[in-house]
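Report on the following structure.
Chain IDs A, B, C and D follow the sequence of writing; residue 1 opens each chain.
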Amino acid sequence: MDLTAAVARFVPDGAHLSIGGFTCNRNPMAAVYEIIRRRKKNLHLYAHSNGQGVDELVGAGCVARVEIAYAGTGRFAPTCIRFRRAVETGAIQVEDYSNYQMTLRFLAGAMGVPFLPTRSGLGTDLIEKWGFSAELRRSDPRLPDDKLRVMDNPFGTWAETGRVVLVPAIRPDVTLLHVQKAGRDGTARIEGLTFADVEQAKAARHVILTCEELIDGDELRSQPHLNQLPGIIVDAVVPLPHGAYPTACYRYYDYDPAFLNDYRTAATDDRRYARYLEEWVYGTADHRAQRARIPHERLSAIQADPRTGYARGLRR
Amino acid sequence: MPDYNARELMAIAAARKINDGEIVFCGTGISMLAAMAAKHICAPNSIIIFETGAIDSQLEEIPMAVGDSRVMYGASSNSGLADSFALMQNQTTGRHVVGILGAAQIDKYGNLNSTVVGDYGRPKVRFSGSGGAADVASFVDRTIIFMQHERRKFVAQVDYLTSPGWLDGPGGRERAGLAGNGPTAVISNLAVMGFDAGTREMFLEACFPGTTPQEVLANMEFSVDVSRASSGSCARSWIPSGSSWAAEAGADAPDFHSICASST
Amino acid sequence: MDLTAAVARFVPDGAHLSIGGFTCNRNPMAAVYEIIRRRKKNLHLYAHSNGQGVDELVGAGCVARVEIAYAGTGRFAPTCIRFRRAVETGAIQVEDYSNYQMTLRFLAGAMGVPFLPTRSGLGTDLIEKWGFSAELRRSDPRLPDDKLRVMDNPFGTWAETGRVVLVPAIRPDVTLLHVQKAGRDGTARIEGLTFADVEQAKAARHVILTCEELIDGDELRSQPHLNQLPGIIVDAVVPLPHGAYPTACYRYYDYDPAFLNDYRTAATDDRRYARYLEEWVYGTADHRAQRARIPHERLSAIQADPRTGYARGLRR
Amino acid sequence: MPDYNARELMAIAAARKINDGEIVFCGTGISMLAAMAAKHICAPNSIIIFETGAIDSQLEEIPMAVGDSRVMYGASSNSGLADSFALMQNQTTGRHVVGILGAAQIDKYGNLNSTVVGDYGRPKVRFSGSGGAADVASFVDRTIIFMQHERRKFVAQVDYLTSPGWLDGPGGRERAGLAGNGPTAVISNLAVMGFDAGTREMFLEACFPGTTPQEVLANMEFSVDVSRASSGSCARSWIPSGSSWAAEAGADAPDFHSICASST
């Protein structure tokens, strides 16, 4: 299945989806651009700190609702620019959690339990202020009735804990990940930090995987303890070199500061942003065509150093 | 004109608050500088951790976000968010962690807002949101907070309480069910503030050189006790002088100065 | 710190401890034998299916109480023999859980929360029948007041779940693990299945690590995503080749069927078992002396094949 | 005398109950044989998983325990207990899992005891305990159970209910809060039993060659419906005949026969 077919099949309008990666690293950008290109609407997005991918999906108008912990891409955008605009204009609805709360929600989904407990957020407005209305929650069977619940510790003061926050499980319709290596059967190997990718994938009903390299033969199965996802939970595997660009992919390439700076400039102005989308996304037929537009010297500049896994001395 | 800028001063001041052997939770930008400086000047055995799952990273270049591949290099282990926050929520490891945080607003009890200005349902300004800040502030032994010293940022009441400080004062955290401690220091571009052990209210600990307590107060919506403040000249004692400071602070890292000048 | 010092420091009489490994694999046997050799008493042992290590600690009389999911070492002892005898004679007290419940209890301890939820065991005697008396639970502040609790799902029918079992966190005083590779700072790399080792280590107040190889230099830190334990949580690292013997250590050696068959024979008879302990444990000064007693041809026979990680064609 | 022994028959009978594409949870011994046989004779795309965390293992030699390094070879991924049970509790993956279990006692609703005979507080006989059996029986789409056919094992009431079958009959699992299904087959050394879709009670489906329904009933403490049972000769139809069976069943694995003869 190619990316177009996978997105067509698993990402209908209104889908509940989550994407992997963190801020400027290993976002599944090729899949994000394909979703934008197909002008998907009304998506319900689950994000922790996924960053660039979130901002582009929101900026392109694909997203109706976001449950999120953090919208930023480091120094390039301490607050994601199109996200900020969409919230301030009321174009999207937002429900706020913390990074750990979102991680636990994915983990609960992966584990098949309705909630997980934490002490995070006790005493804060994460608990007091709810973004989604009760009507909205009741109208969508894919949403729990409550944002979260606070409960006294049923084991007294066990674990020095008097009270816990219960955060409800997330079951995305589909999770999109970009990984370094995968096999045809879906076996996936992530190198470096996994962020919350593994939990997001296991929580989802379907998983679309893009990868830098498709590995045939025995390489992945000769070291099974290095693989984070077994093939049985993956629905589609699409090899797409530079599939995380302009975000980084550890050991393969760095984020592209030039692109992200240009993006920031474009994102601050509605007309410029429309032009950006037209040229970079709608105007490119697919990932291959898009990648062909990246100047060769930029790809060279961000190529990862084998020792460190990033581009040493990159002009940032 | 001194041979250090305000961001460098802030990083050094925070570094001096880190004890040797502590686990330092780092966010983006200046908090990484502070943690790196601490390893050079006062806490060589401190350990830097990131919410993304990197534990004891060897930072050859300064990451521009906690998701940067630069945090992955030379770590003791690289895993993911679930593990790093569990390490902080865990009562054994968590009590060795000092978290360094920043925010858009802070109140006198050190409660932080990094979510919205205005009404949550239709905000005037939307910020990034909690990220890991609420988690860290809920779990760890203590926090150090970086702030820009402006009246609209030191506010009587935060528009949205994202990350718990001392909440409503003495006993507030216990009543809410939080185990860890709140902030022990706020470091701004003008001064260093502490929190009174009894009232849990912010007080002025020391002004940076060239700043007066009056100037500090003029840039806050609420008032703080300034009677314990050492003057700018006193604060000089813990600021490295002359050209030595840069070496001490680990300024041999290639882009320390440029990051100091530009990062948030 | 050598093993004797580590055990002396972190395993006092009455300690609450857990050991790593699973049935006949990667049990921290050198540490177990050192505990037996020092005639530790009244230990409170947390086990999932650790197998051989559990049976030897119980058989030597070191253990007063066990919280356990499974006591067996595969074909050699479908039910651990000394464990069975100790339970039937009332020599030890037992609290039963399932493997996943025990895993979740360690995970809860690792996460610093008082409990985790699961649907496992609803409707069974794991919930109805409690092994430890209320008095015992109240008398030891290291034990929660309840074995577990059943709760209605506070999120209605979210995640197709009406009811959950809450299992309380375990915080062992110390966890003993045997791993393949470790650094001097405690950084640990487990190859192959991790069982519940990582959760057990992170749940504990102290961790003693034995390892096949002590790795100096950059090898471990050049691939940090292959390391499961960061150094900061480990109290002692002791390099002890064959430290899991007679259980297996993936990629290093297999279990020793000859030893385990002899053990079974010894374990079925009190006098023979006493003689076994005398000769194999009390009669050896330390791991080195004990290892010197293993016939060379046995060590050769169990040496792992590099491709499969176990001893191919081993006469079992 | 047939050219297969009782254990081989049992393994083949169970293998025939596995559908292609299913995820097969394996325990020790005969359940591994059944799963391996299924891949050869009827479910080439089935996936073998172990509670220890090995997913889709390539078994070159037969493991003698689920912790055996032999389960690690050639897997799609090797992780740990937390992940493997989560996969089964997860509602998407869990409903593709068929669990193969064994026990010391079973009742007519397929509830299993692998903990004690006698009083729990001071048992006459102590067994290994649940291991992952209670978890699997709680979570997965259905289970297949291996038993030795003896009167003291097929009991009116289990001394300790370790792993949930259909509990107290129709609606029992739902009332308890369990999502998955109970057992769909019990395979003993004498016969194959199913469970009635209405009453959830065990019934005799087929006797193995040389066994009669009377013999089956004589070896059970409770009575089951035998009216639907095919006779031994009928059961022959799904048992491979002659020398072909061994190849079909994957008996090319080096120690299949010895394990068949000795494992539990």
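To be clear about the criterion, a contact is a pair of C-beta atoms (placed from the backbone, for glycine too) under 8 Å apart; a residue touches a chain by one contact, two chains touch by 3 or more.
Just so it is clear, the model here is predicted, and its values are computed rather than measured.
Graph distance from chain A to chain D, where chains that touch are one step apart, equals 1.
By count of C-beta pairs in contact, A-B exceeds the other of the chain pairs A-B and B-C. Annotation: 37 Å between the Cα-based centres of chain A and chain C. Taking each chain's centre as the average of its CA atoms, chain B and chain D sit 57 Å apart. Computed from the mean C-alpha positions, the centre of chain A lies at a distance of 27 Å from the centre of chain B. Chain B and chain C have centres, each the mean of its CA atoms, that are 40 Å apart. Looking at chain C, residues 109, 111-113, 118-119, 159, 161, 164, 171, 192-194, 222, 225 sit in touch with two or more other chains. Under the contact definition stated at the top, the residues of chain D that touch 2 or more other chains are 54, 72, 78-79, 89, 91, 139. Of all possible chain pairs, the ones that touch are A-B, A-C, A-D, B-C, C-D. The part of chain A that touches chain B in the complex is made up of residues 21-25, 48-49, 51, 68-76, 78-80, 83-84, 87-88, 90, 96-101, 103-104, 107, 118-126, 128-129, 131, 150, 159-164, 192-199, 248, 250, 254-255, 304, 308-310, 312-313, 316. Residues of chain B that touch chain C in their complex: 23, 47, 54-56, 58, 72, 74-79, 86-87, 89-94, 96, 139.
Considering their complex, residues 109-113, 171, 183, 185-187, 202, 204-205, 218, 220-222, 224-225, 227-233 of chain C touch chain B.
Only residues 108-109, 111-119, 144-146, 149, 151, 153-156, 158-159, 161, 164, 166, 168-169, 171, 190-194, 222, 225-226, 307 of chain C touch chain A when the two sit together in their complex. Of all residues in chain D, those touching chain C in their complex are 28-29, 51-54, 60-61, 63-73, 78-82, 85, 89, 91, 115, 120-135, 138-139, 160-164, 167, 172-173, 176-179, 254-255, 262-264.
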